[in-house]
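Below: a set of structures, written as structure tokens.
Two complexes are shown next, each including chain A; its partner changes from chain B in the first to chain C in the second.
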Partner chain A sequence: MSVLNSNNAPDASVVKPHFVFGSIALLVLSAMIILADSNLLEAYFNTKILAITHMAVLGWATMIVFGALYQLIPVVFETSLYSEKLAKLTFWIFGFSILFLTYAFWVGSFSGLLIYASLLTFSALFLFVINVILSYRNSKKKNISSKFIITAIIWLAATEFVGTLIALNFKYIFLTETHLFYLKIHATIGLIGWFLLLIIGVGSTLIPMFLVSHQLNEKKLKIAYILINVGLLGLSLNWFLVNYTVIAPLFWLAIAVGVLFFFSFVFEAYNKRIRKKLDIGMKHTLISMLSVFLPIVISLIVMMGFGMEEKFLIRVTTLYGFTVIFGFITTLILGQTYKTLPFVIWLDKYKGLVGKTKTPMPRELYSENIAKGQFYLYLLFIVCMILGFIFNNIVMIRIGSYTLLIVAILYNINVFKIVFHTVKIIKNEE
Partner chain B sequence: MIKENEETIQAIASINKHFLKLKNPVLRKVLAPRVTVADAAKVGGVDIFIMIKKLEEIGFEFEGEIPQKPNTDNLNIENMSSTKNINNLVSLDVRPTIESGEDPFNIIMKAVKILKEGETLQIINSFEPIPLIKKLQSKGYESWTERPIEGEVHTFFRMNKTKWVDNEVEETVKKGNKNFDEELAYFGDNIRNIDVRELEMPEPMVQILKEIETLNKGQALYVDHKKIPQFLLPELEVRNFDILYKEIDCNHTVLIIYKNNRT
Partner chain C sequence: MKNREEITLFEMEILELLKNVMDPEIEINIVDLGLIYEITYDGDKNINIEMTFSTPACPLGDTIVTNIKETIKQKYADFITNIEIVFDPPWSTDLVSEEGKKILGM
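Now for the complex of A and B:
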């Protein structure tokens, strides 16, 4: 029982392509935002915003999350990935389907290309879900973090199912409500069920690990798990079955309180940390955690309306999506890339040399200055976009868009520096 | 184990009807986590090898050592005194409690608490309550069992002042892995100690790999770590090192690493 001889770590060739694809997707995404221009201030369900959203959540965020998860499964589940071959196959199908899907949205081919694109995306995500569930089945360690991850993956499958239904409905009309109604469900379970739960699951393992904090109160996570899932399940069942607007705020409250419990866990980890100095990866992470309050407040405004004018509320809805995708998710991914990717490459290139000779550390694989520049420019981007949405100001949106392009370029330089790192042996000076 | 596989109950129940009691969900919940396979085999009065074989049939792998020598608990039977010689016998029949689906543990513990010096507690049950015996032995009680008729087990407890065992110590040893402690004892002083809990990833791995390069022949490395280092394992295998671990708590795991061509 105590002899450990298994090799659980995945091959670097499984993880790397996801980061390469993801960082290029960020670049494409920033170009799309520049091209969309004033479309960004129109209704949130226009073709350009739909294309941008799918490029952001699938091509950028989900792609990198997949890569990172393949690396993290051994740490969180204490088992190896069920199949590396399946993971590689999933990557190719998923990569192609994202480009296809985004193109279908961009050109507005709803009753034509979109159906095939969404079916292809569905099959790619399905393969991923299968791979992770089979890995989880072998897992000996079923702690709260792995529960969050596996639940997130089930929500991902549900999101994709609703998404595919919407796509099919454009051609074979069979749904009873309007598309916007289903879009609301699709977006809610995608952002909260998939991303939020996943981030809590991964974050509750990684954040204390990187901050080096001990003896944290895991009960907070358990409460968060129950509250968020009950809230989300209640919200979706309510929408599908009875659609009482009166009880929706109750479920909203459950989710919001659940998120606060997670926040409190992170805050505890931050206070009890042994590493006092925060590196660039952790700075991103903490900004991301603080930004969680924005979507909580904004979603309340979207839900209640508070008698504000319709045009403003539509922009606020876009702002809600923006704060979740860019404020929370993207900030976290930008930072965690600097914690995860250098380690993956470092492990791959130096594992045979460690201990025998002096080797560089993972953080020496990228440029710290580029990462810092990227961080401050990214904050500028967030502020500009929020102001642009609130005040309906296209100049702010444009400044923000071009700032994001620079951020994406800086990020790509560092990612490629890490991925194509060549082995350097530091000569012992002593 | 039962949590993992419902079939387990069926399989072990097929060995001995005593285990059918495990089908009672309440009883199972309270009793099952307290016993090991060896204990269970003893409770039901069956051979541990049959038990293990049966479990393997339904897909369990048996890890660790099968106890070769008879369990020391059995020795208690040798020095048991006959019921007739006991003064101040307090008798407690827990069979009705178990039949009603409740855990008799608390009732027994209450009875133990009010037990006066010189008094002996007699528990009448249909099986040998191994977890209880272990618990009370660790608190310094002397115990022995009798099987006067088929299907009836009498267990006796008496305070024994001379055999006081510290509760705390015994529990830590039990929790630990036998292999781990044996190896630790084997190396004795020939062991180097590092604590990597306060280092940021991947420093722990770097430190460990650095240390093992400089280990003397026959020397082991003892590491205080936060968790089982997943990414270190394949590297140790390549370098022909073995690793054993023991979990102290959820934030502390200790490891012993040594060259595997030692013997």
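Now for the complex of A and C:
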């Protein structure tokens, strides 16, 4: 019999804390947005937006992504995680560093706390990168999905390196350009290099698996891989070396076309799916895939300017970050939580009981009605925030902020319901 | 030792029994999903099953295998079930039964 991948799955105790931390971080994040709602319409380089962004990308998104990746590495790499102990240690350092870093931004302690917080974050991310790279070295399967993931990990290291340089520069001034210049690079390689490549790598395995689609054209993924990486590398080198504004749009175009190739792959999987009815997890996922067009259009507007007033362009730039973090990444995570977490817990609780007695399905570990409510409210949140940014309307931002708080509460109820699920045995029918 | 007809009937009974084993993600039984390629019974105590998964990287692979063994054990405690996983030919949607297509909305 062939070696089966679930034998390589890590212990649930490695994965669970990441989801618990991430879901609480979403709750904290929504509270932070409520407290700082008026700051959202100001210039994006302000302490509150920086704190909110880091809570969103690290505390919420990256934390959950780490947990999910520990579970998915055996599936995508066909090998076990290099070290579960290292993963647990990374969780504690990373968790503490996120709270520390967000607090440092929130209170604006740039030349004090921020330096220590960013060094601690750097250490945690470095440990994660090492764990994944060593797992990849043992991997039997080096396909396009695993290449996306490992490249994303390298971009994560680069993102963190630039971020730490910015933090250190607040005290030991040594960088030649302004902070905004490096912030642009830090944000771009973080959002595209880390999140986008990772999502494509994981999505190209999971989306066809969950939709039950076969015989897909993998060439699209290979083209996407080349275009996005060439575009991102070109952008970064251009910024660091020559900074020609004329060629930057060409690199953006390469990235945008690469994203379209991935979208075409997902669309093909959707069309060829045998499972016609979409569950709540896949509805989130497909909305996330559709929303990928928003940042593409917005980045075009920001780049071209079209003679629009500067204040509007600043808000649109914040909107660009918002559509990537909340439109694309968060929507996907909210949905994929319902596809991965119930399985982690179900395998942990029922693996030894299957066949011996009737067990509930993983889907039955959470409330579908709560998940549906969360889905529609989340769409409302996205619409309100987009309108708020475009029309400089604080009321819409406020409605959106409170809606996100309700979404976060509903999401937390379901996550805790899954994580603290107690074994239910359904008696066999005679 | 059973005769050929009895063996065939027993193999069909096992196939029917395996309709109780669900793929927890797709929520359809593994027989209608077309995962079972062949069941052979030696007429004594050995049941051999050749099967596949909907994807080679199926994270639920060994759970499904355990489920099959336990389901058979519940009814035939002293029988030995040998399961071989193959990916040639690979699983495809053509293998889904008419009943399975109805469940999946195909």
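Methods note: the second predicted complex is superposed on the first by the 423 of 430 C-alpha atoms of A that agree within 3 Å, B and C clash if a C-alpha of one lies under 4 Å from a C-alpha of the other, contacts with A are read in each partner's own complex, and residues count from 1 in each chain.
The working rule: a residue touches a chain if its C-beta (ideal position, glycine included) is under 8 Å from a C-beta of that chain, and two chains touch if they have at least 3 such contacts.
Just so it is clear, the structure is predicted and the values come from calculations on it, not from any experiment.
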In the overlay, answer first, second, both or neither for which of chain B and chain C A:356 touches.
-> both
Considering only touches as defined above, state whether A:277 meets chain B (first), chain C (second), both or neither.
-> second
Where does A:85 make contact in the superposed view: on chain B (first), on chain C (second), on both, or on neither?
-> neither
Applying the touch criterion given at the start, work out whether A:210 contacts chain B, chain C, both or neither, answering first, second, both or neither.
-> both
Report, in rising order, the residues of chain A that make contact with chain B in one complex and with chain C in the other.
-> 1-2, 4-7, 9, 74-75, 78, 209-210, 212, 214-215, 274-275, 343, 346-347, 351, 354-356, 361-362
Which positions of chain B touch chain A when the two form their complex?
-> 63-64, 177, 179-180, 197-202, 205-206, 208-213, 226, 228, 230-231, 233-235, 237-238, 242-246, 250-251
Using the touch definition up top, name the residues of chain C that touch chain A in the complex.
-> 21-22, 24-27, 54-63, 65-71, 73-74, 83-85, 87, 90-93, 96, 104-106
Could you please specify the touching residues of chain A with respect to chain C in the complex?
-> 1-2, 4-7, 9, 74-76, 78, 205, 208-210, 212, 214-215, 274-277, 343, 346-347, 351, 354-356, 361-363
Of all residues in chain A, which touch chain B in the complex?
-> 1-9, 74-75, 78, 209-210, 212, 214-215, 218, 274-275, 343, 346-347, 351-352, 354-356, 359, 361-362
